[in-house]
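There are two complexes below, and they share subunit A, which is joined by subunit B in the first and by subunit C in the second.
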Partner chain A sequence: MSDLRETVVATATQWTSLPWLAPYREQSLARVKAGQWPELRQEHWMHSPVRRLHAALATPTPSDTLTDKTDSIPALDAMRVVFVDGAFDADASTVAAMDGLTLVTFSEATADEQSRIVTHLGSCLNQADKRERHIMADLNGAMLSDGLFIQVDKNVQISRPIEVVYRTTGAATGLNNAPRLLVVLGTHAEATVIEQFVNNAAGSAVVNAVAELVIGDNATLKHYRLGVDQHAMVHVGAVHVVLKNNANLKGFILALGSHFKRTDMVVHHTGQGSHCDVTGLYLTRGEEHSDLNACIEHRTPHCFTDEVFRGILADKSKAIFNGRIHIHPQAQKTLANLSNKNLLLDQGAEIYTKPELEIYADDVRCAHGATVSQIQSDALYYLQTRGIGRKEAEIMLSYGFINELLNTISVAPLRAHLQSVLAVQFTRDSAILEHLG
Partner chain B sequence: MSDSIDQYLKKDYEAGFVSDIDAETLAPGLNEDVVRFISAKKGEPEWLLAWRLKAFAIWKEMTEPTWAHVHYPEIDFQNISYYSAPKSMDSRPKSLDEVDPELLAVYEKLGIPLHERAALAGVAVDVVFDSVSVTTTFREKLKEVGIIFMPISEAVHEHPELVKKYMGSVVPQRDNYYAALNSAVFSDGSFVYIPKGVRCPMELSTYFRINEANTGQFERTLIVADEGSHVSYLEGCTAPMRDENQLHAAVVELVALDNAEIKYSTVQNWYPGDKEGKGGIYNFVTKRGICHTNAKISWTQVETGSAVTWKYPSCILKGDNSIGEFYSVALTNNYQQADTGTKMIHLGKNTRSTIISKGISAGKSQGSYRGLVKMNPGASGARNYTQCDSLLIGDQCGAHTFPYIESKNPSAVVEHEATTSKVSDDQLFLCQQRGITQEKAVSMIVNGFCKEVFKELPMEFAVEAGKLLEVSLEGSVG
Partner chain C sequence: MLKISNLSARIEDKEILKGLNLEVKAGEVHAIMGPNGAGKSTLGYVLSGREGYEITGGDIEFDGQDLTELDTEERAQAGLFLAFQYPVEIPGVSNMEFLKASVDAIRLARGQEALDAISFMKLAREKCKAVNLDQNFLKRGVNEGFSGGEKKRNELMQMMLLEPKLAILDETDSGLDIDALQVVAEGVNALRSPDRAIIVVTHYQRLLDYIVPDFVHVLANGKIVKSGGKELALALEEKGYSWLDGGAE
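And now, the complex of A and B:
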């Protein structure tokens, strides 16, 4: 274990890329050295199969090329930026220049853009306490070589979504596949960002991606993070958000299970009157694993949080959900709600859910609810009395369970795309697909 | 309002007197000799000494748990006296008449039903003073129906087969740091055995009191309800006011065999420390019960005392169709900290559990609910419902909820809900509009908030609990 840690630290120490990012890399490296390595005895990792993570970091992965390139979303008119194994792929990207929008990769940033990036880089991560910004996020900083910087100027609304695709081929050794997304919205700005993670089915590889989202006064960001990478993929990711006065975040997380998948979402309410709506879905099957952590830090008064997470677990898969709402002493008049519902489809599937409330202010209203069960037998019975077979009825009901959340996606092409992707995920049998529409 | 807050803060801890009773107290420190001394003092058989020594060896290898949401200075386990017994108890009294009158006066002062009051209230009491069981009432009457109710130190001699069979079967020595410590140095406690098919004709009760300074209290309670039997057991605790913190590390084990039912109620009012947070009891208790087929264990607790509470009464639902219940009111004020909750481990088919937890935080206190609901692969058709609500009074306190839900069986259903809020302004306004003073209104609202739990308590306790809460909250709302 300590050998692995030393190897990782040694790799990160020797890592060189853009020289202007060196100070940030060094800062992150110092944190990595001081940080706790993910281990089962730590509360935050205790149910995760950390061995899978360790094994993936220790063993170099075989080189492979990405054959499956079906990551485009039909009918979606979007600006598209593609990273392959953490490096920018200009050929696959389509970016149009627009007034009031800076959309540039770290590797191509001008001196002015570099200074803006340096100003904001780490500003969200640094807000998080030690427990929420674990070593993997710092490792992303220490291995940082490229990323995407999106800045929307004051009073500019960008209606065309920005799509960021991270393809993992397996050619990366693991640690260096560490892309960073940095989004900065000015006052009254608006944008839609779709992050999509795809991988090559044949290869096993690691991606360690961090997104930092700074949402300015009265600004609105729609953020979709689609972890559709599956199979042998080891995916560790974090989204750290700072909300200023009256800022709005509409977040959506989709995590299909993989060999090891962990997504951390940390939102800081730092201004008054900000809203945070987060919806999340995790779907696992086979022997897959998904670990979803959501932490909302209410540091200021009059803020709102609404979180809805649902999971469906099939076969012998395992999922973990941690939902923490932390109300600091100054955060009076907070309204916060969290709901987590889980469907266990098969004997052998395991769910560990922990909705937490940590409250240090009295004039607040907070609630959370969590349920775990299988599909209701009377609902199944009802469909069977209407002549629908049991298997089909089960699929219809579980699909309905998540479709409710998909319907909240306001980007229509994205919604339609996800509905069809997830329908396939569920059925594994095209004959039943006709029932889902 | 701030006047009444001040008034409340000045309120004395009513059970905070010290009784001047000659006591034999062992010098502070813990080593194998201390364990041997305690065992010898009790004239224990060889097997029990070996059991204790094994626990002590395990304890030495363990480290103190730090995961709870509580903060306190490190405990120096070598600075605690592990044995203190009222001296006059050396020749054990045959009846209440022989009990040191000063002791009786203590209980009189506490207002607990002992002596004639016991008869009136119909409660059989086992009194544990510091570490030693002082007196047990109604033993003869209980004996008629075959019930054994006696100090565990006597049970070791009179019913060694039962003690040997069940002690450590629910909470093994290795279970956790404080359980291991208790297993090594426990001095006394209560033992209850209800024979097959017997319904205990009266409530059984134990009263715990820490009296001596610098002592820890380590009692051990073991209740065995044989097939088809039923028992309701009450537990109460108080301690004197002292500047230093005192340790209370108890173990309670319940065994409910097939079709048996155990109801265990606690009103915990250990000294909570003064308004600056100085002194008070560290209450680190391990309570667990095991339910066999069709059995039922119900925990009800009202926690108002202790500086730091670390307590998770749990049920292992081993047998099919068994039932576990947990009803709790935990009130913290001033600088008190409580991390309390339950564990429901579902092993058998169609097992059911209900958790109702009400937390009230006032002053500068921190109250946490920490619970585990675990559905094992064999728990087909199991069901859990959890509700935990927190009420905040004042803007410097904290209320936290840490529920752990784990399910490995698709047919098991787990439901959890939690809310946190302050006393609603609308409700207060409505009451005040009807001519009820603010103070009274808050008391009414808080009582209503806790009603689901209070209704589970035996009558005498429900009255006491309601009063305790009212007193504890007086003036803390503004």
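And now, the complex of A and C:
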């Protein structure tokens, strides 16, 4: 195992890309060298099949690229930036210039933009303590070559969503597919960002993506992160957020596919009165594995968190949910809720769920809960008494379980798109779709 | 239409129905009354094929077929309908998609084509109006957050949409105020027809003022202990159940 670690460190050490990012890469590399390599004996990874990650890194094998997978969201009017295996694809991107908006890739940034990027790069990640930051996020920094910088100026509201598509082809092996998103919202700014991970590799490919979101005073960001992967994909990703005074985050995470998926969502309340609403869905089947870690750091008073995560696990798949809310001593008057519900469809499916409240302030209201269940038999019976066949009734109920969360998505074309993607996932039969729209 | 002979059934180790006989012909309305714990709801569950209710003896013939051979959904497709005492809430599944799936399944079983979305919407809105439910209830999750009366009206709406051959109304009057009771009773009466049978299960005579039955049966201790005309219900209201043989123990 140490051989693999050395190989990875050696690759990162030799990695060259945009020279102005070299100091950041070196900083990240130093953390990589000091960090712990993912292994089962660490709490971070103890339930994860890390051998699948190791295997993908140890024997990077390029595979064919599928052409039939599309990444378009019907009827969505959005600015669109496409990365293929971590590199900007200008031809596939459609970007309009707007006053008050900086939307530029790292590779095309002007000197002024570069200096703004350098100011903010790592600012969210560096807030995280050792427990919430692991070597993969630092490897993203050490291998950084391109990324997207979105900055919205003070008092500017961008209503048109910005869609960032990360396409992974069969050529993406090892850790060089390491895109970074950096979003900085000024005071009273608003934006909607949809990150879409699309995997066109026929075989095992790797993506290691990090997003940093800095949400300024009274600013609002809607952030959707959609990971729809092929089975053999290894997908590691992290979203690190800083919320300032009265800042709002409406976050949504979808984790679908992949036999090794790890998603981290770390939010820091650093100003007063900020709101964090995060919703997440993970659906696994076959021998897929999904690992979701959410950590909300309440460092300041009068902040609000509402987290709702749901998972549906079929076949022999496995999922992990760790949800931690950490309320620091000075974070009085915090309101925080965390709910995690899981539905197991088959005997062989496994879920490890660990909601965790760590409270050091004495005047707060917090609630957390986790459930693991099978399809409710009385609901199933009710549908059957109305003539609906058992199989279709099971599908309707599983779908209903997540549809409650999809209904909260405010971007209508995105909501409709996900409802149809997930309906197909459940039914594998488009005939049933007509009931589910 | 329905012939139950010497039916015994249990849940887990508890014998609930103990040799029940009942025959219901097309066009008839039967009321089944009886004390708490007599097996009234169990009868509905056994007829609809609920899991966990085991038939230990006797026969159930529905429309010429052996009902016990059919799955729950097949019984519904064959024309059996059970209106629940406590309809289940299903968040995330909209009432509309539930109703459409149900109507489509029943239509397909009858050899009819599924309705297109527009015709179905029109039909559903019509029925909503007939039971005095706001159309917003079509968009909400199935029974989610509905009041007791709204749930019962939703049951009635389903019955109107599915047009069953045999409808069993399990304590449809419980939890209803007098206005809602009238709405439900009017709906049920409108569904009375020469080729449809209705079984009304109730505790109280009150409902039978609105839905006037052809026959009244008393179910006690797992079997029918007395049958008669609608005047039997009045006698029960006056004297209770204890004067009957095998009545409340």
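Criterion: the second predicted complex is superposed on the first by the 430 of 437 C-alpha atoms of A that agree within 3 Å, B and C clash if a C-alpha of one lies under 4 Å from a C-alpha of the other, contacts with A are read in each partner's own complex, and residues count from 1 in each chain.
Assume a residue touches a chain if its C-beta (ideal position, glycine included) is under 8 Å from a C-beta of that chain, and two chains touch if they have at least 3 such contacts.
If you're wondering where the values come from, they're calculated on a predicted model, not measured in any experiment.
Placing subunit B and subunit C on a common subunit A by superposition gives a fit, with no clash between them. Of the two partner chains, neither subunit B nor subunit C is touched by A:T11.
In the superposition on chain A, A:S72 makes contact with neither subunit B nor subunit C.
When the shared chain is aligned, subunit C comes close enough to touch A:D378, but subunit B does not. Once the two complexes are laid over each other on the shared chain, residue contacts for A:Q272 go to neither subunit B nor subunit C.
In the superposed model, A:G400 lies in contact with subunit C only, and not with subunit B. Shared-chain residue A:K354: touches subunit B; no touch with subunit C.
When the two structures are aligned on their common chain, the gap between the nearest CA atoms of subunit B and subunit C comes to 13 Å. Subunit A makes touch with subunit B in their complex at residues 43, 47, 329, 332, 342, 344-374. Listing the residues of subunit C that touch subunit A in their complex gives 48-51, 71-73, 75-77, 81-82, 84, 87-88, 90-93, 97-98, 100-102, 104-106, 109, 117, 141, 158, 162.
Chain contact summary for the complex, subunit B toward subunit A: residues 67, 375, 377, 390, 392-422.
Touching subunit C in their complex are the following residues of subunit A: 376-379, 381-390, 392-393, 396-397, 399-404, 407, 434-437.
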